[in-house]
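Shared between the two complexes below is subunit A, which pairs with subunit B and subunit C, respectively.
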Partner chain A sequence: MITAVLSTAVAFLLFFGKLPLPALIPLCIVLGVLIALLNRHHHDNTLSIDVLAQISRLNKVNPGLKLSALLIAMISCVASQTVFTGLFLLVVVCLLAVCAGGLSLHHYVRVLALPISFLMIGTLALLFAVSSEPLGLLSFNVFGFWLSVTPDTQATAALVVSRAMGAVSCLCLIGLTTPMSEIIGVLRRLHCPEVVIDLMYLIYRYLFILLSVHREMRDAAKSRLGFRNFRNNVRSTGMIYSSLLSRSYHFASRNYDAMESRCYSGGIVFLEHPAPIGAAQVVVAVCLVSACLGLCLSSFLLPTLLPY
Partner chain B sequence: MDDTLLQVEEIDFSYSESYRALRKVSVAFAEGEMVAILGSNGAGKSTFFLCCNGVLRPQSGSLYYRGKKITDKKEDILTLRQGVGLVFQDPDSQIIAGKVESEVSFGPMNLRLSEEEVKRRVDEALKQMNITQYRDFAPQYLSGGEKKRVSIADILAMSPSMILLDEPTASLDPQNSEALEALLNELNRAGITIVISTHDVDFAYRIARRVIVFSEGCILADDTPEKVFAATEVLKQAGLKRPLLYEVYESLKQTLSKPEGHSDPDASGADARPKTIAEFKNYLDRRQCSLYRLPKDQGPGSLG
Partner chain C sequence: MSMKLSLFEKRILAVSVVFAIFLSLPTPALGMHIMEGYLPIEYCVIWGVICIPFMVMGVIRLRKLSQDNPRILILLAMSGAFIFVISSLKIPSVTGSCSHMTGTGLSAVLFGPGITSILGLIVLIFQATLLAHGGLTSLGANAFSMAIAGPIIAWTLYRGFVMLRVNKLLAIGIAAALGDLLTYCVTSFQLALAYPSEVGGIMASALKFLAVFAPTQVPLAIVEGILTVLIIIGMQSFAAKEFKGTSFNFQEARQS
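Moving on, here comes the complex of A and B:
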């Protein structure tokens, strides 16, 4: 809901003065309602991205290829001087996730909603210039100062929001289609330090164990009225976290025993055979990367052709 | 004894001055055995397993694997750990990878085998445990029974000659624990020595051909299931109960053989003892009565 309201406000202010009001208002309302509809149903599922990555059809794509293509796209999006790179990525990545990855649009919007609401708050701040007298298109008097929307602030905000949305959607696509173990595998092949890799494997695994232990302890506390009032709540939370800490030490030593019993002698190594690189994957990746690089370069070379 | 796989001689282990987990434990396991270790909580079963696998080093006493003494040398300990696999009670304390296939490959990769060999072993272990369809799954999305299978596959992939299982049925539902029982029997037929620690006496009675009873860090009894469960004193001291079928059979045998006056035809061989419901029904059939058609004056009411 917050995301929808914020996005509507930002869209209104971005296009204020560029579109006639009778067209702008219904457009913004439609946008807000659309986002609100797609973003309904919040479940208490913090790690749904991981679940979605496990079932995505795109997790069969070679992770190295996928990561490098999306990273290049992301960098060119952030570097570019035009809003079109970001908008292009926003649309293409959404299509890739939904059509190629088999993810529902509803899920995709839900995952994207959280970063977007942060983004929208930031954009609102960028849209207003502070001055001592009313400027530009729209001004509000706040405690003797004037907050005004000017064509300049509109341009900056549009560029920032498009860059950020493009980059965030690339990151989301990586997260939504690549299981963590594959990402760590790519980092290993890039010769990331062994300690970091080992820690990443263990942290990823223990995240789930600690979460489930935490959920159990919280439910047990709830069933004994541990969250009845504020005082109780604070006390139970403190107790849960302290015993979670001692449990994690216990887990760590147990786990180390188990690793030793399987002949562990420093360095976690697993058998890995990343998915082979297919011709279709290469074609899509090359098209995506060249389109982004092209848009980015042309925004430097032909600033007049591409506004913003 | 040529076929002795693992010999434990007078090992002692204490976690602290006041708590001696193992006191002078001596036992030997031969190739192809199926052993159950019984004992109440805190009897020293898990500590014993950790010592057998070389994770804990006993303060005194020694271990021999295939006749060779295990010293503190790294190669010795690695040989022991490869030959004697340990399946932990909680699969979550064993599983470390984000994918089933990688998880199973951890052991063989540590043995520094070639990639093809690791792949072959992983495939085989997954197939043996019937979890090939989960190979790309993340362990956090598997059920308890599936995780247990993964943790056994972990060990199988290292091709051990002996597997120690710590409370394998503790958190399994009846169906999964039945499947596990079948799998263990299969592995045993394939020649792997299986040692199971448990407090489920019915399970131990069904599956084991040798029972070892632990109590307060000592071995109280080490014999066939029939003899161990006949020893009332031992069971009392170890805080164990008799298996249900054992009790029923004993009572029934007494009641049935009384009026006939002649000796019990089953008394000759211990193998005749029914250990599963199916065997029990067979037994009743042989004695020409069924669960519902006992001789009139000796109906179920007079059994107790």
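Moving on, here comes the complex of A and C:
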């Protein structure tokens, strides 16, 4: 709901003065309603991206290929001076996730909604310039200052929104199609320090334990009216966190004993079966990367051809 | 095309903007991470490069610690998972919005800033890929504010207070709260550096970003301080034994 309202407001301010008002207002409202409709349910699952990654059809793609292609696309999107790179990635990545990955559009939008609502707040901050006198297209007087939207701030905001949308879609596609163990595997092949890799594997494993223990404790506290008012709320949260931490440490030391009795002496070896690289995958990856790099480069070479 | 608005239209717009900003208050509290794609590429690179020496230091310390005592690695992994969990779960907040701890203050007090920087980095990578919260291109900037600047300040304050013989729990609370607050100030400053305002430059822009986030971040810092103290109190009574390897001494804390 918040995302929808925010996106409507941002879209209105972005295109204010570029489109006539009678066309702009219905367009913004349609956009808001669309986002609100696609983003209806909320489940209480913190790690829903991880679950979706396990069932995605794209997790059969070689993780090294996938990650490098998406990272290059992401970087060229952030570096480019035109809104088109971001818009292109937004569309292409959505198609990849939904058509190739077999993810439902509704899930995809829900995953994107959270970062986008952050983005919208950040964009509001960029859209308004603070000054002592009114300037530009629209100005509001707030406590003696003027908050104004100018064509310059609109251009900056549009560029930032498009870059962030494109990059966030790539990030979400990485998260939605690559299980964490494969990402860590890629980092290991990049010669990330061994200690850090071990730490990452262990942290990933412990996340699930802590989250499930936390869910039990939170429900127990809730059923005893533990979150009734602010005072109680802080108290129960503190109690839950401290017993969560102490319980997790007991667990960790038991875990260590178990590992030691199985000859652990520092250093953990994990088996990996990286998927083979297919020809079709390479073609798609090369197309994606070259399109992004091309858009990015052309935004530097041909600034007049591309607005913003 | 004339874009002059009537007074009524302007009022409607003003109301809608205020409404949108007010509604948006619960969301920035989700954490002070700069999102993916929000920073221009040169700033991503600069902040990333600034982080490298701290990370190298962290890895060296980590390697030494885990060689001396393999058990500590498991403990650290659990702490990393704990930071991830508490920084992705709701905590009570005064404004009725939901907010999250950074958790790095706690880790800085327990393990020191070097190790915290690595734990923070890993947590940030996990948050980016598992929660789409933060980002990979903005990883450097986020790591600097959340995993380096905040913990270093929290650690320094804590050490300073301990030397001044202030009550340990009070010291931990203040250190964690100020560490959280500094994280938020650094993030606002990073945003302002990347997007200085047209009139007034970086400082005006920094003030703007500080003002946008202040209503949620200031109470959040205080709650973080209180919660960190509560966690430490709980730990003292439950799990002092497990903490023998860490730099935090529970025996001392109990006596003071």
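Everything that follows uses one rule, which is that the second predicted complex is superposed on the first by the 298 of 308 C-alpha atoms of A that agree within 3 Å, B and C clash if a C-alpha of one lies under 4 Å from a C-alpha of the other, contacts with A are read in each partner's own complex, and residues count from 1 in each chain.
We adopt the following convention: contacts are C-beta pairs under 8 Å (C-beta built on N, C-alpha and C of every residue); 3 or more make two chains touch, one makes a residue touch a chain.
Remember, it's a predicted structure, so these values are computed and weren't measured experimentally.
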| item | value |
| --- | --- |
| Touched partner set for A:Val269, first subunit B, second subunit C, both or neither | first |
| First, second, both or neither for A:Ala258, with subunit B first and subunit C second | first |
| Which superposed partner A:Met180 touches (first subunit B, second subunit C, both, neither) | both |
| First (subunit B), second (subunit C), both or neither touched by A:Ser298 | neither |
| Contacts of A:Asp50 with subunit B and subunit C, given as first, second, both or neither | both |
| Greater subunit A contact set [subunit C / subunit B] | C |
| Touching partner for A:Ser68 - first (subunit B), second (subunit C), both, neither | neither |
| Which superposed partner A:Thr150 touches (first subunit B, second subunit C, both, neither) | second |
| First (subunit B), second (subunit C), both or neither touched by A:Tyr204 | both |
| Residues of subunit A contacting subunit B in one complex and subunit C in the other | 50, 180, 202, 204-205, 209, 251, 255, 259-260, 264-265 |
| Contact set on subunit C toward subunit A in their complex | 1, 3, 5, 10, 13-14, 16-17, 19-21, 23-24, 26-28, 30, 35-41, 44, 59, 62-63, 66-67, 70-71, 73-78, 80-82, 84-86, 88-89, 91-92, 94, 118-119, 122-123, 125-126, 128-133, 135-137, 191, 195, 197-200, 204, 207-209, 212, 223, 226-227, 229-235, 238-239, 242-243 |
| Subunit B-facing residues of subunit A, complex | 50-51, 54, 179-181, 184, 201-202, 204-205, 208-209, 212, 251, 254-255, 257-265, 268-273 |
| Contacting residues of subunit B [partner subunit A, same complex] | 50, 53-55, 74, 78, 81-82, 85-86, 88, 90, 92-99, 101-103, 105-111, 115, 118-119, 122, 137-141, 154-155, 158 |
| Interface residues, subunit A side, partner subunit C - complex | 2, 5-6, 9, 13, 16-17, 20, 46-47, 49-50, 71, 74-75, 77-79, 86, 111-112, 114-115, 117-122, 124-126, 128-132, 137-138, 140, 150, 152-153, 156, 160, 163-168, 170-172, 174-175, 178, 180, 183, 193, 195-196, 198-200, 202-207, 209-211, 214, 227, 230, 233-235, 237-239, 241-253, 255-256, 259-260, 264-266 |
